[in-house]
Amino acid sequence: MATFLGINLFALSGQLLVGLINGSFYALLSLGLAIIFGLLKIINFAQGAMYMLGAFAAFLALQYLGMNYWFALIFVPLAVGAVGILMERFLIRPIANEDHLYSLLLTFGFALVLQGLFTHWFGSSGLPYAIPDELKGGTRLPFMYLPNYRAWIIVASLIVCVGTWWMIEKTKLGAYLRAGTENPALMQAFGINVPLMVTLTFGFGVALAGFAGVMAAPVYSVSPEMGSNILIVVFAIVVIGGMGSIGGAILTGLAMGVVEGLTKYFYPEASTTVIFFVMVIVLLLKPAGLFGKEA
Amino acid sequence: MSSTGEKVRISDLHAFYGESHILHGIDMTIQQGELVTLLGRNGAGRSTTLKAIMNMVGRRTGSIVINGNETIDMPAHRIAHLGMGFCPEERGIFSSLNVEENLMLPPSVRSDGMSVEEIYEMFPNLYERRMSQGTRLSGGEQQMLALARILRTGANILLLDEITEGLAPVIVQKLGEVLMKLKERGLTILLVEQNFRFAAPIADRHYVMEHGHIVEEVHAHELKEKTELLNTYLGV
Amino acid sequence: MSADSSDYVLETQNLIKEFKGFTAVDDVNLKVQRGHIHALIGPNGAGKTTVFNLLTKFLTPTSGRILYNGDDITSMKSAAIARKGVVRSFQISAVFPHLSVLENVRVALQRKEGNSFHFWRHESVLDNLNDRAVELLDSVGLADFADATTVDLSYGRKRALEIATTLALEPELMLLDEPTQGMGHEDVDVVANLIKKVSKDRTILMVEHNLHVVSKLADQITVLQRGAILTEGTYEKVSADPRVKEAYLGVAADESEEAA
Amino acid sequence: NVSDDKVKIGVLADMGGVYADVCGPGCVTAVEMAVEDFGGKVLGKPIEIVSADDQNKPDVGSAKVREWVESQGVDVVTGLVASSVTGAVTKVTTDNKKIALIAASASNAFTTKACSPYNAHWTYNVVALANGTVKPMVQSGKKKWFFITADYAFGHALEGVASKVIKSEGGEVVGAVRAPLGTTDFSSYILQAQASGADVVGLANAGADFVNSLKTAAEFGLTEMMDVAGLLVFTPNAQALDPAIAGGMKTTTGFYWDRDAEAREWSARFKERHGKIPAMPHAGAYSATMHYLNSVKEAGTDDSDAVMKVMKANKPNDFFAKNAYLRADGRMVHDMYLVNITKESERKTSDNIFNIEKVIPGDQAFAPMLPECEFK
Amino acid sequence: MKISKFNIALVGLGLVAPLVLYPVFLMKVLCFALFASAFNLLLGFVGLLSFGHAVFLGTGGYITGYLMMNTGITPELGILAGTAAAAILGAVYGKLAVKREGIYFAMVTLALAQLMFFVYLQAPFTGGEDGLQGVPRGELFGFIDLSDNMNMYYFVFAIFLAGFWLINRTVHSPFGQVLKAIRENEARATSLGYNVNDYKWVAFVISAALAGMAGSTKTLVFQLASLTDVHWHMSGEVVLMTLLGGMGTIFGPFVGAATIVSIQNFLSGGELGNYIHIIMGIIFIVCVLAFRSGIVGEIQKVIKRNFS
């Protein structure tokens, strides 16, 4: 086997690829948050719960409606997005003009309720969700066995990420959003229906979390806790990438997957901490994040 | 007066910020192609009048008819589409956007707005700084940008709040010319100004405000005879 | 130091500030004479505010030197410069809105007391500053408002308060950025008179677009254009300069002179 | 002779966290059943139950138990899941001379380095798991092991004990990774396991970590290349896995509901009340409580020292405790079972989770007593 | 702080409370109240949201716990050492964090705290997941036995009063005036000659030290130092306590801490235990939607409206 400095290169390429897979997952998750937190400036601590909701919705849809994975991939995000829209409309909008801390507190409470309810109904052990037949099996690469579903994660999240990035950065939507959060009254006066735009955008950001939930269901177990653990990591990714930068969130998500993957290889105990280490370094050297515009 | 020429009719307009009652029954009308100013001291309620027209105050009652449409119950974003262009006194430049994005930001409300080339020609500073962050512009440049971006939208009723503030005299003159040109094109303009010397020669009429009331209406041709009166109101 | 330069409170040498390839301040050699009211004028975007920001270190010069009383202060931090006696006001009003008017002034007076880090002492030790604070408020006509909360003040009064606060630091050099902007005519005159009044015993450098005020107050004027000094001199000299007319004054110059 | 004129049992468990299905509300149900089956009274005094959520945090759990014993007259504490919580709680109970009936913790510390005359460690421990699962596999020729270990005390203990067993049987540990608690993605560790050239990958983790690691192992084809051994598998965890993945895997348990008629009878009653079949801690909690109450009755007092003496003198014997006795060090020694997880075809109902392969006599399953822990 | 009748009554209440209520519960309330008040010094009076404040609580706890277990020093020294350790950590972290503002400040403090969490998780002296169990309470000044809950209570009460007094004094000190000015208008404060970062830093260190003191005390009370105290959930919890009670008010953090500790205590036993997350969640939502200024803040509003 090829080695370099005593490191098994085959094993290392495997780790890099696995890191990239996780990274594309992070990218997908942080994308939704990058929109809600980075653009709308709403601290949504329920984003993790929405991700969990997506996974549970896929599970329940299969169990009770017989809806398969592919339909779930379309309908679940819509349903979760609808929850987001209701949440924005009835919980967040009334406090839109208050300190951001309050949205943190509120969404945190909301997440607790959701998580509590699902624990109450389904227990905490996790529920099984099978990989769809079409994506079972895998491909033998020279350095590793790549399960088809993992390959699909890369493809699907890249499509969604790039599509969203294009929509926000290359159409006027992004400018409207940034301006709309900075001075909503003036944007209204320019003829933009800011509240509607914010609601829909929030719904979209939440729907992305739901989408990530469906993507996750077959590989990670569907459990009420799945969202709370990943939440601050995703916040960290958005901040490292630079708030307000969609592309930054995506690229940082990918990069952090790889960084974490390498840490799992060299120093697994630190793998949950390494992202915060990166965050400290980045914020001290580049205050607005890797891709953020300095204020 | 033909009613088709009437662009804005305000009757018994009251406006509130939370508990505080700022406007106490304003009445005014503006004809198409007119340039009307709102004069008054600091805090008289001139900016509030403009904001009330755009539905940007806490609460408002009375009637505001724009182009024949009653707008008192209309959400702000629909009012703009009646052809309104609003330039706020705090300028409202977006720091998260660069100059060009700021300029291109407000959606067109009518088709015959000024082109970007025309605008850059009028304000060469903006062209030069077009890639820089909006709020990095100098105070005066921000003022230009705030005005320029509504000229682009094709709005034909302009509400302009203190647009000469912080501008070099040479630019102020140029703005005077621009406003005259816009008037010739048939645009209707409601102008809030401190700089009476700027406003006097270009305005058709002046409203004088005090404590949320309109206390005087002065036509351009009456200016001479009412100078004394204006002096007492404005302390010129 | 040559004897000559001691007449200058502030001097800049080849001051340059670039923003990503754009030169906002271009080789400016500014000399502010002690005791003068020195006005900085120029078209929009000429770099006036940027010069102010450089002088007070809200921005770092790309190159060049800043001398204050002959000392090089180019690399000092902004708070340190303020402690040396160079104090600025902002283009947009700067007060502490939820402190009382008196407290606004007292915060400025407090610095010299040397107890600003004393977290174990009661704030009543600051009461001995109240008399001085009221005195200062009185000098700008705000004595009656000492206990009011600052947000409630009108715009003109906020500006006056800001000047009182600045005076509390007993600055040798005051930097005023468009002190009359956004004011009604009455307030403009009040503030102009105030500036005249406080200019005794100190030097003032100000940016102002109101020619009426400039002509009334300024002993010396520097005209900036595109970041560089176009010309310098008294109001009469500067306003007669055809380049200034073209770049800044327009034809209004003559009218304004009449008005003044 | 009963303090406060009642016997009060505190059930401390994880009511909503990762171990809630293992010993949470279910443990409360089990203790309630024991009290009811006992008749609700002992020595003519009522038996009360209080319960609390420890959130798997030692500080929360020990604070609660402190309050119970110091201000609410609780006489005995049971439940006790996360080993970290149990460690902190047994400090408090020992200080206050109260009995702790440990129904769900895995660590063997409570009868070794942290042993106490007031501990009764009931259901199983890491030694039994290692002896039950690992030993026969090494003996059958699976000599090279790789561990994926949960990076906290329980995982370390399990890996340590298992490694000792492997070495003593002539096997070898070729590598190990410590995965942080709650790791969601195990693929990196699975790749490392794959590259290690081991015969067996031992999963020294529990709950969701176990489920996720096994799922990922299957996805990456690890299960086809080498054996995977789950060292601690509770029935709800096994239920959460696709039988195609988990089917056939061997593991060790202290109880299985379908073992015999007696177990089935009790389990049916439990399921009726709780909605799910019992996991081994549920049965253990019942058994421990029952033995305690019987001993109170015989001792004629709820004084902990007297009761403990009787508990150690009499052998527990019920649907859970087979060939059982409570050793002087507080270890409840009883039969353990080597089982395998059922395949799809063997699942007549979703409750058919295990096939019992072999009964492991208690003395073979648990480690001998340390002399310093021989409390009389 | 004026010595008003109100304050005297409160202290009196504190003195008799353990005769009625379970002292350990009261001690827990006091520890968290001190922690929340220390946190509020930063959030409410300087406008800095430290989202990693648990690290100071935990540091105080671990250091005190370790020293008490291994060196046999007296409890008051143990607490001093824990407080000092938190202050030192606060000095280092504060230096790094005060350079950043707003959400970035929050994120830097969170990230720094996570690094320390990792250290405490892995370091051999902390006992990992188990934490430091069985920390002796020791004898105060070498002769007052603190294993007696009453003695312990009055000791904790004294510590709390001292910490609380210091926070109040800081708020109403010349230093506090400058802090207020900085919060109101940072650029202006700078232009008046104040090095705002130095002031923020000092406030940060004071807050960290007092948070550490709360942690040290808590460790003695419960005889345990564990990862819970350094986990980011704890940092979140102190935000909740402060907001619930009323940020920027003197008594708000106390009320918030008391409320949350009581609710947790009440829910953790008995039937409602299963619903603890749901109930807490609903409380937060209702609190934000219905009384945003927090309990004390709302009461102050009512008083203002009706009596002035």
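We just call them A, B, C, D and E in the order they show up, numbering each chain from 1.
Just so it is clear, contacts are C-beta pairs under 8 Å (C-beta built on N, C-alpha and C of every residue); 3 or more make two chains touch, one makes a residue touch a chain.
The shown structure was predicted, so the numbers you read here are calculated from the model rather than taken from an experiment.
K.L.:
Give me the chains shared as neighbours by subunit B and subunit C.
P.N.:
none
K.L.:
Can you tell me which chain lies farthest from subunit E, using the average of the Cα atoms as each chain's centre?
P.N.:
Between subunit E and the rest, the longest centre separation is with B.
K.L.:
Go through A-D and D-E and name the pair with more C-beta contacts between its chains.
P.N.:
Pair with more contacting C-beta pairs, A-D versus D-E: A-D.
K.L.:
Whole-Å distance, subunit A centre to subunit E centre, using C-alpha means?
P.N.:
Between these chains, centre-to-centre, one finds 32 Å.
K.L.:
What is the distance, in whole Å, between the centres of subunit C and subunit E, each centre taken as the mean of its C-alpha atoms?
P.N.:
43
K.L.:
Taking the mean of the C-alpha atoms as each chain's centre, how many Å separate subunit B from subunit D?
P.N.:
The computed centroid separation for subunit B versus subunit D comes out at 76 Å.
K.L.:
Pull out every residue in subunit E that's touching 2 or more other chains.
P.N.:
274, 276-277 - these are the residues of subunit E that touch more than one other chain.
K.L.:
Of all residues in subunit A, which are in touch with two or more distinct other chains?
P.N.:
116, 119-120, 269, 272 - these are the residues of subunit A that touch more than one other chain.
K.L.:
Under the stated touch criterion, can you name all the chain pairs that qualify?
P.N.:
A-B, A-D, A-E, B-C, C-E, D-E
K.L.:
Over in the complex, which subunit C residues touch subunit B? Could you list them?
P.N.:
Subunit C residues touching subunit B: 19-20, 22, 41-50, 91, 154-156, 178, 181-187, 209, 211, 246-253, 255-256, 259.
K.L.:
Could you please specify the touching residues of subunit E with respect to subunit D in the complex?
P.N.:
Checking each residue of subunit E against subunit D gives 22, 24-25, 28, 128-131, 133-134, 149, 222-224, 226, 228-229, 265, 268-270, 273-274, 276-277.
K.L.:
In the complex, go through subunit E and note every residue touching subunit C.
P.N.:
These residues of subunit E touch subunit C: 166, 169-170, 172-178, 180-181, 184-185, 187-196, 198-199, 202, 206.
K.L.:
Which bits of subunit C are touching subunit E when the two form their complex?
P.N.:
Subunit C reaches subunit E through residues 56, 58, 77-80, 82-83, 87-88, 90, 94-99, 103, 106-108, 110-111, 113, 115-123, 125-126, 165, 169.
K.L.:
Using the touch definition up top, name the residues of subunit A that touch subunit D in the complex.
P.N.:
Going by the criterion above, the answer is residues 8, 10-11, 14-15, 18-19, 21-22, 25, 116, 119-120, 123-128, 130-131, 138, 144-145, 147, 149-150, 219-221, 223, 225-226, 229-230, 261, 264-265, 268-269, 271-272.
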